[in-house]
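Here come two complexes built around subunit A, the first alongside subunit B, the second alongside subunit C.
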Partner chain A sequence: MYAESQVASAAPRLPGKLPLTATLLLLGALAASAAPWFLERDPVSVVSAFWSYDGGDYTSVLAHFSWAPRVSIALLIGCGLGLAGAVTQQVLGNPLASPTTLGVEAGGQFGVTLATLFAPALLAFSQDLVAVAGGLLAIGMVIALTWRLGFSPVTVILAGLVITFFMGALNMAFMLIKGEWLGNLFIWGAGSLVQNSWQPFMDLWPRVLILGAALVLLMRPLQLLQIGQASASSLGARVGLLRMLALFLVVLMSATVVSRVGVVAFVGLAAPVLARLLGARTLQERLIWSMLLGGGLLLLADTLAHWASSWGDGSLVPTGTTTALIGGPIILLALQGFKNTHHMPGQESNPGAFLPKRRSVLVTGAVLLCLLLATFFVSMGWSPGLQEWSWTPIADWGEAWVWRGPRLLAAILAGVCLGLAGSLIQRMTGNVMASPELLGISGGAALVMVLIVLTGTEIGRAGQLGAATLGAAGALGLLILLARRHRFAGNQLLLGGLALYVFMDSGLRLVMASGGTVAAKLLNWMYGATWLISETEALSLLGLTLVICLTLFVAIRPLTLLALGDTSASSLGLPVTRARLGLLILAAILTAAATVVIGPLSFVGLIAPHLARVLGQQTVGRQMIGSALAGGLLLALADYLSRIVIFPSQLPAGLLAALVGGIYFLWGLSRHGRA
Partner chain B sequence: MSTSSPFTTPRFTNLLARIAAGLCLLLLSAMAAAQTWQHEQGRVSLDKPPQRIVALNWAATEALLLLGVTPVGVADKSGYATWVREPMLPDHVPNIGTRVAPSLEAIAELEPDLIVTSSEMAPAAVLLHQIAPTYVSSVYKKGARPFAKARQMLITLAEMLDRADRAREILADIDTTLANQRRRLEAYGVHKRSVALVSFLDDRHVRIFAPNGLYQTTLDGLGLDNVWPHEGNYWGFSTVGLEAIAPYPNGRIVVIEPTRPGLSDKLAQSPFWTYLPAVQRNQVYQIEPVWPFGAVFPVKRLAIQLTDALIQGGADNVR
Partner chain C sequence: MSAFFEVSSLGVRIGDTTIVNDINLDFREGEVTALLGHNGSGKSTLLKVLARQLSPAKGDVRLVGNRNHRTDAREFARTVGYLPQHPPGTDGLTVSELVALGRYPWRGPLGRYTPDDYACIDQAIADTGLTPFRHRSVDTLSGGERQRAWIAMLLAQQTQCLLLDEPISALDVKHQVETLRLVHRLAEERDLTVVVVLHDVDLAARFCDRLVALRGGRLIADGTPQEIMNSGTLESIYGVPMGVMERAPGQWVSYVH
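Let's look at the complex of A and B:
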């Protein structure tokens, strides 16, 4: 069930001696960080800045109270997170596990946001407490969901990712409503190591030391895990308890860090991956070197962030941005060692076990269609006004259509597109967890939008659409390049998409830290501002969707054949690679069209196809019809709710969809596990 | 008493009435000839001064209130009282949603005859035009000079509302205020040292207001130098770590409220702050909230607050 030994030996190795690299990294980072100071002060006083200062010389005060604590805290936190990451990977036997990928950091952030808004007193009492609670909640959810699947690596990461998005969406909902007040949370969400006294370091080091020591004490029992669960149990180790304890300590460590300096993502992932790539074999080696590499990496990232701030116009570049930039390549590196044989969710040998009862496509389709029409009627007619709720008579619908129609139509179409794209991708990859969102196609579109906002360019809707399509196509191209070696097999695509999100995330962090107003605007788009859709745009989207639907009729046969496996498909006369490529492009267009309307994080592409299957639509064509209708229904509801829940303010519709979608996904995952 | 003056003869009255009617017609036709204004995303034509105006950002809200026109709907109404404060927004004005995502339906319900917005709403321009003539003016956008843009927006709005005199008065008043406050500063001899305008985000980070922002107009008018040499984002500020102000030891620090509770304690415990030259010289000044992303009025408000604070003398910490 646990694949740890396999993971350890499967990793390719970079050349170079581990101690040498680690030392070079640490010394290099230190030197880089100290470089500006050497220009101003003699070497002795630079070093002595760590313990003394001269009150009469402000440069010395600055070195002692700003630079030295920043370096110290970067090393401390880096070491702590590196160690936590290595332990997480060991406990879960998962080369991609880390506090970030398990949602612990997002959970901690969620806790602090909630406390800032609703219980400032609690926050003043202990910031750690709320962060730890949030972190525990997140990892608890991940564990509960993946328990029955035996913590298989990809499932755990997917669940962690969805929890991260889900909590991120909740966070955003609060930030959008209360944005003016949360300027500091924006920075904090991006992770800033700026220091102006030794107090935070003094607070932090005993905690990190104690937690670190506890984790190291667990090393011996953890080592037993390496020989496999069965053998460990027979040696008297209480495996389950041990894992829980270790994970609890990991949560404490990451949440303590998060509550003080904000979300410094991916250090806990990068350090152990790097240690393994550099040839750390035994558990002992991995723990020690992960810790040291973590310290070096974070100091380096922080120095880069600091340099970037001083080179530019002086405005802050948060450290979380640079660490997130490291995260993407690291995931890709880790993927290289990821064997294709790993157990994937949705690739059970016996999928028949949880196939729901087949139902007539006519009945199911008709029911979905009726629900969709009902939503349409209510959305058009029953609406809040500045004074009271009122029912708009059908005679006045022509007028109401202007405000309610295009956005509703566009939302439905976006749902249809995502439902279709999701079905396509799930069929192609043979994986029910695949979707445009998780594959990073939406992420690619979003990344381009983030860049546009970062550069401050004003473009109209047409520009947005073009840019998003380019982004989606770019992401897709990248995925094709990455996955070509694996003949477009599911796993690599899925995790490659994850890496794309990480890049997008780093851009988002930068925008969020640089200014509340810009961020609010971007976040509104990221979570799907359907209200911006004009009638022309909605109608052109309708045209596009119809054309693609017609094209999809052609795609039913290849999709059916691909499900039989590559060998069978090509023996039946299907040019497998070309078929996959064509289908991918189709999926990209569908995704881009939907992303412009609803943003990248709605999860509709994930849950609509799943819903169709639950409703008993198994064959390709039927699943597509069911999934398109279900997707349309979901987003129609989301659009209606987004308009009415806090009238006259609005929530982005994609945000609501993401919340509903997240819950459904988590439920589906646990159900999946039971079956 | 029955005097028969020639001016009350029926014939004369009749004539008078006809002339008056003729004049009225002339006037009406002159007014009916729609006037057109060019703006950032096209042009807007108005037959008569608009009565029901909806403002989609606080800069527009402020400009309208200054001109003596209360909008029939504003965005983010509750925040206005906290962050902008002056000129006062009456309580009865309905809220039409947030500034980044106003409710089109609520706007339409108010049946406005003019909507004032900025190019931030560019993607929604078509939709807004369907509701009412829309005047687009962005005080804050890439490459714009906020005060010049705000001034132009005020003048154009005044023309539309037929209140050009009022706009001239407001602008003249701002100039006079700046000149008066400058004289006060010079009289007290507190005008020489440069200032850093900051607002605290937490105890480690501040927004520092840059030379391309609205506040620079106040500083220029008062003859004060801005400590911060870099351009900020197009809103006219940069988010920086507190240590970024350390390289400018000669400046005074002006802290714009609101500040978070507990900030002064945390700063007092940080030798980095207490050793800061400005802090050592007791040159930390604190002033009431002034909206940094407004139109023309914050320039005046800041000028008075800043002058008062500088004359009153600084402290060694925020309050």
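Let's look at the complex of A and C:
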């Protein structure tokens, strides 16, 4: 038999740093949270606040009914979400999966928003029900979207982000149309743990406990998933059923939490990632330590939020903001050790072949161009007046141009830029779900804008443009630094983008929570209010776009080569690293130019390249032409519709594009999932 | 010898492509059968159907005796073990943890592992010569060691049948021979039915009782090594002119002209 025996190794042990960190985190967070109380009261009475109070002493009442339940609920929710996150990661074999990244929390929030607006009675009947329905909807969509694409981790996360954006856009649309009803949903949506009695905690703990126990019971079958679908099922596990059941429990857990305290983002992601980084290896270890670390993390985040609220100008800082702030760096940390070779265990890695018939670029291009021109004419001429719809005679177009021209031109150009940037990025990363929105370049620009709004600086329109470009460049620089280690490999870039998005998101939540006119202004920009564009801006955007289009001719062949993989590309004589850097810069400039016009959240950069492929443009050059035209067309339409849909008021064009685009995207992907 | 699997007029399609077409075949109990054929001939697909990883478009596979091919998943896993061609990454599991997963069909989600289970796990690890590596992470092992770890998991599963899809593709000559010898020995000792996809026709002839060849999804040759190992049959299997020498009884050398 096998004879050799060189190295006998000892059984691996749990690294000491794991329990140490968890203990420090929990104790530290607890101490930090209790610190203000120690100043006013003696230690014994602080601890006893958990079960008793002295009715005559105000601070004692406060400690018992506000501080103690808040700490308890933070710990409880943190543990629940940490456990749910660890299970999600195991089920999908994906180190970045979590209720947040799969869109479950956004879905739950969407469900509650809808119920608040249209069926308040349902909400009174059961909050959990609507939240669970929303969460199931979201995760169902993510799974349907990525089924045929092999569940590769990055694809799943991107689909989750798309769903999150989409639900966010829907939420926002309701907010803009029926703003007066939803004001307090802002704060709720951002995840606030402020308590004023023990009731919510008492409601919550049995549910979390039962769901947690159910998840733990699934441990052994879940362990089988680690060795792949084929092997797991040949060992007798019903893989499909098991996945469904585990994900259903995860959705129940997250939705229960969301329906009570709002979106507490990223605890479910950060805790398991942290546990893994600190050396939790087996499933059992991961579940236990994720749970404990989740409790600690959320308590810490909540304490930070509490301090920020009380030291700031009195405005409420929701806990969701601070968890997002903690979540971002942890994703970055995870990036360092994240090997991208993982696919969902057992799933074949090649996505189902998806190649529509090729069509002539001339015909397709001509058709798209005609449609674009038609949209241009209609948009310039045919518009609703106060009484009725009317044509503006061509002779009057000179005057109409001032009102309709710049915004239309800018929208078209932004569409062209996004379409090009999307094609570039999809080709570079070899991932059909990639886009500038998801790369975080738009997010970088948005983050700067958010900061400007937060600090209350007034810098005018030109200043805003400059700042947004700076932000985009900053995001790009950060991405390059991050990605250098991975030689600009596509998927690492996308994950860096995800982290940037997290930061942006937390900033946004903060602004939303502070409310007021500032928030409205920011919202309009975020969702692409094209009416802010002046003629000079539109014309200079035109110049920029033309220059970049010329540069892109040089990029076509390197892009084709890069798709073969680094090894083949470099052995064919392409300086891979330099080529990637150049392409990245081009993509960033295009994105920044488009973002200042249309905001960071439209799906055009994702959809236009996809549309070009569906229309039969498969090679790089043709896809770029197709997607530039398609992008222009999409945003031209969005701009026109945004003017007329709720005339005489206006919707931001980017919001409309995001809604329409999101629907197209879901439809398109589910369609080629069936093919 | 009674048949373990009975395959009747089996057809498999993926999309519009017919992968396997009209195969009638028995795999007999206690016999080691090699599946031969060029790339894309349908060997792996046939194996996947046997392992219930794919369902056939047409025809039927029956597990003979009192065993039903459509039985409960765990019961099936106690009867038939399957090693996929490309086992995925195991994400930090150690060798002994991986092998321990092979006991799942016997213990289920909540049952406790008994000393017998642990003895079985240790035996499987020892059989594949992995005792020194038992606490190493599977991902850090070399290709050959990893392949043996998976085989060990299959052994711990204690099935009556092993379906192995190219189990020796990543092994050096020594380990190829030792793995096949182990499989052969276990088949004899425990009366196991083994179906193994192999590319090396000489090793197949040396260690298997029966050779079955597919071409373009159809059965084109089926017989003992004695019957298959001649230049005419090999040529029809692989589509290149080949010659065969019998150096000693039961030891063939094939070569390409």
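We take it that the second predicted complex is superposed on the first by the 610 of 675 C-alpha atoms of A that agree within 3 Å, B and C clash if a C-alpha of one lies under 4 Å from a C-alpha of the other, contacts with A are read in each partner's own complex, and residues count from 1 in each chain.
As a working rule, contacts are C-beta pairs under 8 Å (C-beta built on N, C-alpha and C of every residue); 3 or more make two chains touch, one makes a residue touch a chain.
Model, not experiment: these values are computed from the prediction.
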Partner chain(s) touched by A:308 [first = subunit B, second = subunit C, both, neither]: neither
Partner chain(s) touched by A:199 [first = subunit B, second = subunit C, both, neither]: first
Residues of subunit A touched, compared between subunit B and subunit C (which is higher): B
Touching partner for A:282 - first (subunit B), second (subunit C), both, neither: second
Subunit B versus subunit C as contact partner of A:223, first or second or both or neither: second
Contacts of A:143 with subunit B and subunit C, given as first, second, both or neither: neither
In the complex, subunit A residues that touch subunit B: 53, 55, 58, 61-62, 64-66, 124, 176-177, 180, 183-184, 187-188, 192, 194-197, 199, 309, 313-316, 383, 385-386, 402-404, 456-458, 460-461, 464, 513-515, 517-518, 520-521, 524, 529, 531-532, 534, 536, 643, 647-650, 652
Residue ranges of subunit A in contact with subunit C within the complex: 1-12, 93, 217-221, 223-224, 226-228, 230-231, 233-238, 281-282, 341-343, 345-346
In the complex, subunit C residues that touch subunit A: 51-53, 72-78, 80-84, 87-94, 97-98, 101-102, 104-105, 107-110, 127-133, 135-137, 148, 150, 153, 157, 175, 178, 182
Subunit A-facing residues of subunit B, complex: 79, 82-83, 94-98, 100-106, 108-110, 119-120, 122-124, 126-127, 130, 141-142, 201-205, 207, 210, 228, 230-235, 237-244, 246, 249, 260, 262, 269-273, 275-277, 293
